[in-house]
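A short write-up of the structure that comes next.
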Amino acid sequence: MNNLIHHIPAQLDDILKSMPWFVPELGLSILFLIVFLADLIAGKKMAGLARTVSIIGMLVVLFTALQQLPLVPVGESHFVFNGMLLLHRTSVCFKLVIDALAILVLIYIPWDKALRAHFKGLGDLYSIIIASVLGLHLMLMAVNLLSIYLAVEMVSIASYLMVAYRSDTQTTTEAGMKYVLFGAVASAIMLYGISLLYGFSGTLDIFADSFIQNLIHVSPLSVSLALVLVMVGIGFKLSFVPMHFWVPDVYQGAATPVTAYLSTLPKIAGLGMLINFLTPFVFSTSWAAFDFRLLLSVVGVITLIVGNIAAIWQTNIKRLLAYSSIGHTGFALMALVTFSEQGISALLFYLAVYAIANIGALMLCSYYVNKIGAHTLDSYKGVGLRYPLPSVCFVMILISLAGLPVSAGFNGKLLVFSAVYDVYQHSPNVWLLALLITGAATTVIALFYYIKIPLYLFLKKNDHHADDLIVNHKYLLIFICVISAFLLLTGVFPQMLNFLQL
Amino acid sequence: MNPTLPHTDTLTIQLAIVAVLLPLAASLLNLVLVKSQSKVSGWLSSFAILGSMVLSVLVFAKVWNQPALHAQQLWFVVGTMQVDVGIWLNNLSVLMLLLVTAVALPVHVYSIAYLKGDDKYTRYFAYLSFFCFAMLALVIVDNLVLLYAFWELVGFASYLLIGFWFIREKAVLANKKAFIMNRIGDVALLTGILLLYADFHTFNLVTLFDNHATAAFIGTADNYWITLPGACFLIGAIAKSAQFPLHTWLPDAMEGPTSVSALIHAATMVAAGIFLLARVYVLFSPNVLMVMTIIGCFTAFMAATIALTQNDLKRILAYSTISQLGFMMMAMGVGAYSSALLHLAAHAFFKCLLFLSAGVIIHEMQHLKEKHNLDIDPQDINNMGGLGKYMPVTFITCIIASLALIGFPLTSGCLSKDGILVQAFLWADNKGGFYIIIPVMGVLTSLLTIFYISRLLFKVFLGKSRLKAVMPAWHIEAHDGSPLFKIPMIFLALCSLFPLFSTNPFEYEHSWIYRGFAIAVHTVSALDYHTIVLLSINVLVIPIAYFAYSIYVKQKFSFKTTSLLFKISFNEWYIDRFYHRIIVKDILRIGDLTKWLDKNVLDGTIHLFANTGVAIGKLTVWTDKYIIDGLITMLTLIIKQAGNFVRGFQTGRVQNYLFTMLLVIVVIYVLKTFI
Amino acid sequence: MNILSLLIFLPVLFGALILVLPEGLRYIYRYITLLATLLQLGLSVWLYIAFKNGAGYAGVANEGQYQFVEKVHWIALNLGSMGKMQIDYFVGIDGISIMLLLMSSVVMVIAALASWEINKNHKGYFALFLLLDMAITGVFCSLDFFLFYIFYELMLLPLYFLIGIWGAARREYAAIKFFLFTLFGSVFMLLVMVGLYFSVKDPATGAHTFNIIQMMNPANYDKDSIFGFIGQHMLLGLPARTVGFMVLFVAFAIKIPVVPLHTWLPDAHVESPTPISIILAGVLLKVGGYGMLRICFGIFPEVATSYAFWIGLLGVISILYGAFNALAQRDLKRLIAYSSVSHMGFVLLGIASQTTEGVSGAMMQMVSHGFLSSMLFFLVGVIYYRVHDRDIYSFRGLGTLMPKYTVFIMIAFFASLGLPGFSAFIAEAFSLIGAFNSHNFNGLLPAWMGMCGALGILLSAGYFLWTLQRMFFGETKLKGGEVWKLALVDISSREMLVLVPLSLLTLTLGIMPSLVFVKINDSVLAFVQFIHK
Amino acid sequence: MLTYLLLIGAGLFCIGIFIVLSKRNAIQVLIGIELILNAAILNLVAFGKYDKLNNGGQTFALFAIVLAGAAAAVALAIILNVYKQYKTIDPNAVDKLKD
Amino acid sequence: MEQIVFFVLGFVVLASALTVAASKNLVRSIFMFFVTLFALAGLYVFALADFVAITQVVIYVGGVLVLMLFAFMLTNKEVLNNLQQGSKRFISLQKLPALLVAVLFLLILVNAIIKAQPDNLAWIQASAQSGNVISPTDNMVPNIGISLMTRYLLPFEAVSIFLMMALIGAAHLARKEEHKF
């Protein structure tokens, strides 16, 4: 104890100095409380209050996150809270994307009829989302095994809650159970791996020199095991093969806005975290025990293939999108394994665009469910001609997801390919090439199923139409249009997203 | 135009061009402006061709035996290659120019009457004029691309005209056949042209063939690259001139109007093959010439034997045409270049005449058939007979033409045919030994020619009408028809006599056409016994054949017409037996055989080829559907099945998921660390 | 605004107009579309006239020699340590593109006129039609690979819907097949495109570039770059440049299409509505040929030369295989579709010969086939529109029933089978000359290829004449009996309006091929010279 | 001693895995998960002995226990809801969502 | 002595865990789990983490276990009994895959742990030398307290929000509310 005491001032000092770097997260914490209290106090009377508050609050948070941009120039980084967190340009950019997407999801939530029908109200959901966003922020900055675990758990638990939020339907609860069991196992295994890592290195701080140095001296066999176990936890968040099994079931079962959240935010944060986690290994010259590039390349290739070929068979739209999101994870891994600055910025661009498109697609799922109760491809028959505008938007969004020009998705894909190419040019690695080829080939396969949606919307004829449910969805539609237009615009002028570039 | 030419030459060239373009103008006018079935169209076309003829005469007078005229203008440029349009007027082209117009004019006039009342009257003349344009252009153009173009266009015109009555299934099948078989030749010709281009980098005939440097080059060049284009050109000519084995389209082509057969399938287009050989004659290597000789000779013989047993009037004439074209080709092959052209010219007139006569006859028969509602084929000679007295003009002109065909003295045929045979004998003498078979076959063919044409004449014009035998009450009312029939026939009959070609009816060497070309290629002195031999053959054989034939059709003999010959048939018994058993029967059997061969083997082969094409087509369709598309389907299937496999893990049971996940992790780890 | 940009974006403006017009005005959409295409045609004609000839305007590998160039910075993506990804909006034309541009404008007008038969979802149809129009025009004008790729891909989706919504019975299958096939090619093209970007540096700016013209210059390649000339990279056991060439080749070969990558074509052509068949056959296939020339051969000339034999062989196979297939078809549209395969084989053969004659012939064939296939498909559409049947065996003796129609079909058929006087003759002849000449000129193709190609001409006569005989001649006999007899009226004046100009065009080009050759000659010369450098 | 602790942890981990995979009752599965977590905590504690200064192991163990508790609470709440809907908590019987 | 107790505790941990695994009866397995947790707490003490041991007892035994019992009672007992009919034996065919994975993991883990030679790890040696090792006499509670308020302040605070959220969520899920409409 005594030998700790003289560290106290320095550490407290560090904490105080950390505060300016921590504004968005502080904001989130406060916002969490406000939302929670607001809902608790006035939620009964004003159903939309929590949402309004949280959206406004998130805008503020987004603003503060934007403030961090000039604060953290490229190449500079700050350890915050005694090395618990690391703030650098990448994490700021990721945070921006995540905040923006979170706002999108928040706006979207009550527009889903199924979710709105929840008799317990949506107030708690907003609090949970805000807390999870905090977790996501932490994930992006975590450089300490403890903070990593904590952040992951925070996001996970929040996700479980969100999935199971509608406690009165079978699908949501089933999805929730599967998710929670799967997730708990994954995080338990991850924790075990973390414990081993801690044991082998003697420190929780992965950016400490001793971390790598100690690991190098341990039998590679053992360290590999620890790392593999840790990757299980991260893989669960990213949903790459073989940690992808929960994805279709949960995405299908959860309420659509929740799916929109799940398929984007944790994935992005997970990748951001993975970048942090891998940095010490990749950039240490003496590290040779475990080739992350190899592992992730192989996993990426398999994920690309598995996600895309399984999606071919799907008839449920959400399930289809779920598999496609697995495929996208594979693609994101491709960008990641470049381990280059350019690769990361391509990754970010790709993710942002993917996430927006995916949210848009799920919004459309909601739209059609709301309008005509259409869940499956079959029920989409001939709908495109009755609802031309949303259907055209759907096509636009799918183009972006598939990565065809002219769409933001295509630019994302181009950037990723470029990044991989550049790395390949300097260090030919057969796995990079395999990734490139698989990436291209799976694009074709992906089109196989993406094209099914327009196929059913426009090409198939349906004689007996489901009746319109008279619900006014003007705002949802407007939002969908905005998203489509955004995707198109960034397709033509991708420099609009240049601020995301590192 | 080439500015360096003197004014008169420019004028000549312009005249030639106008001569070519006049029919085109007529054709276009007929197609676009003239109302259908308007009488105007016939006269329009006729006057156009008359104009062409007059101009041709002028041009001919200017150019014949004068230095060749050549003018060209840039057509287009591809890369560094300039392709010109131009005309090359030398003896050959002006002769053909004159010949084509001279034959076409009577046919046009004839057609005015022949096609009267047809619902596509205007169309007919448009096509006919178009044909004339293409044919005239073909003979004067100076480069191979244009030559090929017009070569195909005459084929196209022929296609249109054969299928003129396109409601008739046979006509349509025939025109398709004609075009496709011609196309075989066309493709060969095109290949030849392109091969030549690859060697010489020019299409210009003048540069290629009127130039000693080229000739020298050809002499020294790699044999293969010269032989090959030569062979290709030969195949082109074979198809166009209906030579074995690509001749079967011509008999079928008789489905067209008879006037068309007269012009296109007797006089002009089929002669284009011979013309082509003449134009590029320098190119042929001895081997190709030998092939040419053999093919020509064989075709001549074969077609003659087939003609022996045909009953369709026009088919007999068609085979006769094939046979005569074979003669010409053989002549080309043996080096009787000028004789071949002489025969070409002579043949054009008399064969055209024969067809026109046949047309009149058929016209009358058709008339009878319709009038009496008979179920007969108006073209079958078995239904005719004794028509001579009703149709004197036709009869006489027909006899003249037949004599010309036989090569009877005082006709044009005598001049040309003798020339060919004599030169063939000389050629065989030079070669020695076995080659004598070629001229012998030629002579034999001549004899057969006599045989079949006599048969034709007798069956059609002499004897009693066989129809009358069937229906005695019937009163024959055939006649020569309108003057529009008679005048062209008389004109052509006159042209079939010797004065047009030579002052000396026995010496082909004195023929101006022969002289016009003799210097150009070979000078063959033929002042030996051959002339006499051949003449005697010709003279002797006529009575014998006539004799034999009169016996063959004995029962239908009318004494009036044969009284003179009756005495000569004194020994009819033995000779009849002899001929009938030994010669007639055998020859007829050969005729049957060749007919059978022609029908089944040759045509069969062609059908086989066609069917093979379609079969290959079916096969490729199958390949396309099952193999190529099948591969794609299989690929998709594999992908789908793989997807299904992956899907198989998605059992919906979370513990299964966990199990799979953990197992995979273990496997990955084990693979990673222990391998 | 640059005239090319105007040409490219004009259709979209009209398309937007159609989109905002209320559905009640749907019957004037077609006039708007027609107006747009006519305006475009006017612009193209103006371009054609204003296009300057001469060795100084050859274009090909010389950026300064392109005409009507517009080059503005378009996209600048930050790539971190690698600097910026600079993409230009760069359009311009040379002799290789001008004729195709003009041809496609004509075909679009024809297609617009053929769109009269569209009877549902007018708004969507015409909007997509004009979008497609833009993409096609863009492809022929782009000189920036990225831009090219964008337009190239942009063609797919409108076509997917146009086939899929307005097509015939098996339209879904056809649409998907078409889409996936072409996408398969272009996705890998994307990889090569990116690879090229990182291999090439613009000497002026020192930055990487998508500029196609810069990609043609070996001096611009970085040392040790993937597609660089020096320090050959190996990909999958082959030299990288070979792989790059092959990928591009496959991409464009699918479009052309080359056997055995052609199976999308019969399905797509057959199932499409008439105007789309016209566009597919008339223009889209040429995009493949154009890409082959400009990009595949342009960027990898030395590989193209070393593989010329195989390319030529593929061309010959396409010619014969397509022809044989056509021979055995009984669906008229399918027959024409396969004849397209055969005729486009000449393009490949001509290009493979790498001689001026061959390349000119290929260019001519593209232009000529553009008009002819449009005409053929339009003619099929005429019959199909009347009785909804295309089976050759269902008809007989149409010649008496529809004399004018028969005249046009004969013109189209005979022109297609290479009758002299029509454009296809010149085109095929020169493709073949190229093939024959190649033997002497550069020794790339053996002479037998030319001969086999010539055989294709023969076969084409076979199937076209058979069809004529079977369908149009003989006694009138129809599957549908009297009902059809009434339905099968002769062509209307609108149809005349399409057919007469097309017939005249193909005739004019056959008689005056210099109309084409004079514009393309310098470029073709430069191109051949460039390839053999 | 450290090694033994780790081995015990490893044993717990494996037993936990076994339970997770084999039990037909979600609550038992949850117990299995807790066993795995405890294995990890045991590791942390065992190593934490040698990290007096930062005290990472023990602190981490505390956090882990707390988080595990919270996770368990959430999981149980969800399982209760599943029971309400399905009248069973056999994870294998709850398989409406599948391919 | 200490050794013996240690091994006994270790044995109890593993044995009770195995019983949990083998038991069909949910109640029995929950109680055996209770034993495991207690024995583990004992092991924590041996690892000189008394505060952790206490926390373990309080949170796990007092919290989680009780929760589980509640959950057990809330779920219908009969259904659970039906479930238990399945298979009586510890090793059944259905469980074989699970067993396989577990054994595989065991092999791997044991191998990895032994290969790593935990007692000879460099940093542990260094800590031992520099006295950075907790000795039985040390009172670690203030140490932990200081750590939580300084070095681990962020997780500490974050966990509060985390718990709050979990509370809100779990309460939301568990609470019964009548349909409003």
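Order of writing sets the chain letters: A, B, C, D and E. Residues in each chain are counted from 1.
Throughout what follows, contacts are C-beta pairs under 8 Å (C-beta built on N, C-alpha and C of every residue); 3 or more make two chains touch, one makes a residue touch a chain.
Since the structure is predicted, the reported quantities are computational estimates derived from the model, not experimental observations.
Taken together, subunit A and subunit E share the touching chains B, D.
The minimum number of touch steps separating subunit C from subunit D is 2.
Ranking every chain by how far its Cα centroid lies from the centroid of subunit C, the top place goes to E. Ranked by separation of Cα centres from subunit D, the top chain is B. In this structure, the chain pairs B-E and B-D differ in their number of contacting C-beta pairs, and the larger number is found at B-D. We define each chain's centre as the mean of its Cα atoms; on that basis subunit D and subunit E are separated by 6 Å. In terms of their C-alpha centroids, the spacing between subunit A and subunit B amounts to 81 Å. Computed centre separation for the pair subunit A/subunit C is 43 angstrom, with centres defined by C-alpha atoms. Between subunit A and subunit D, the centres computed from C-alpha atoms are 25 Å apart.
Residues of subunit D in contact with at least two other chains: 6, 13, 16-17, 20-22, 29-30, 41, 46-47, 50-51, 53-54, 57, 59, 63, 67, 70-71, 74, 77-79, 81, 91, 94-99. Among the residues of subunit B, those touching two or more other chains are numbered 647, 650, 652, 654, 658-659, 662, 669.
Residues of subunit A found to touch two or more other chains are 4, 146, 150, 153, 157, 160-161, 164, 167, 177-178, 181, 185, 196, 199, 202-203, 221, 225, 248-249, 310, 313, 448. Chains that are in contact with each other form these pairs: A-B, A-C, A-D, A-E, B-C, B-D, B-E, D-E.
Residues 97-98, 101, 104-105, 108 of subunit E touch subunit B in their complex. Residues of subunit A that touch subunit D in their complex: 3-4, 145-146, 149-150, 153, 156-157, 160-161, 164, 167-171, 173-178, 180-181, 184-185, 187-189, 191-192, 194-196, 198-199, 202-204, 248-250, 252-253, 310, 313-314, 319.
Put simply, subunit A touches subunit C in their complex at residues 340-342, 344-346, 385, 388, 395, 399, 404-406, 410-411, 413-415, 417-419, 421-422, 424-425, 428, 433, 436-437, 440-441, 443-444, 447-448, 451, 454-455, 458-460, 493-495, 498, 501-502. Every residue of subunit C that touches subunit A in the complex is listed here, in rising order: 74-82, 85, 121, 124, 149-150, 153-154, 156-157, 160-161, 164-165, 171-172, 175-176, 179-180, 183-184, 187-188, 190-191, 194-195, 197-199, 224-226, 233, 235-236. Subunit B contributes residues 636, 639-640, 642-644, 646-647, 649-650, 652, 654, 657-658, 660-661, 664-665, 668-669, 672-673 to its touches with subunit A in the complex.
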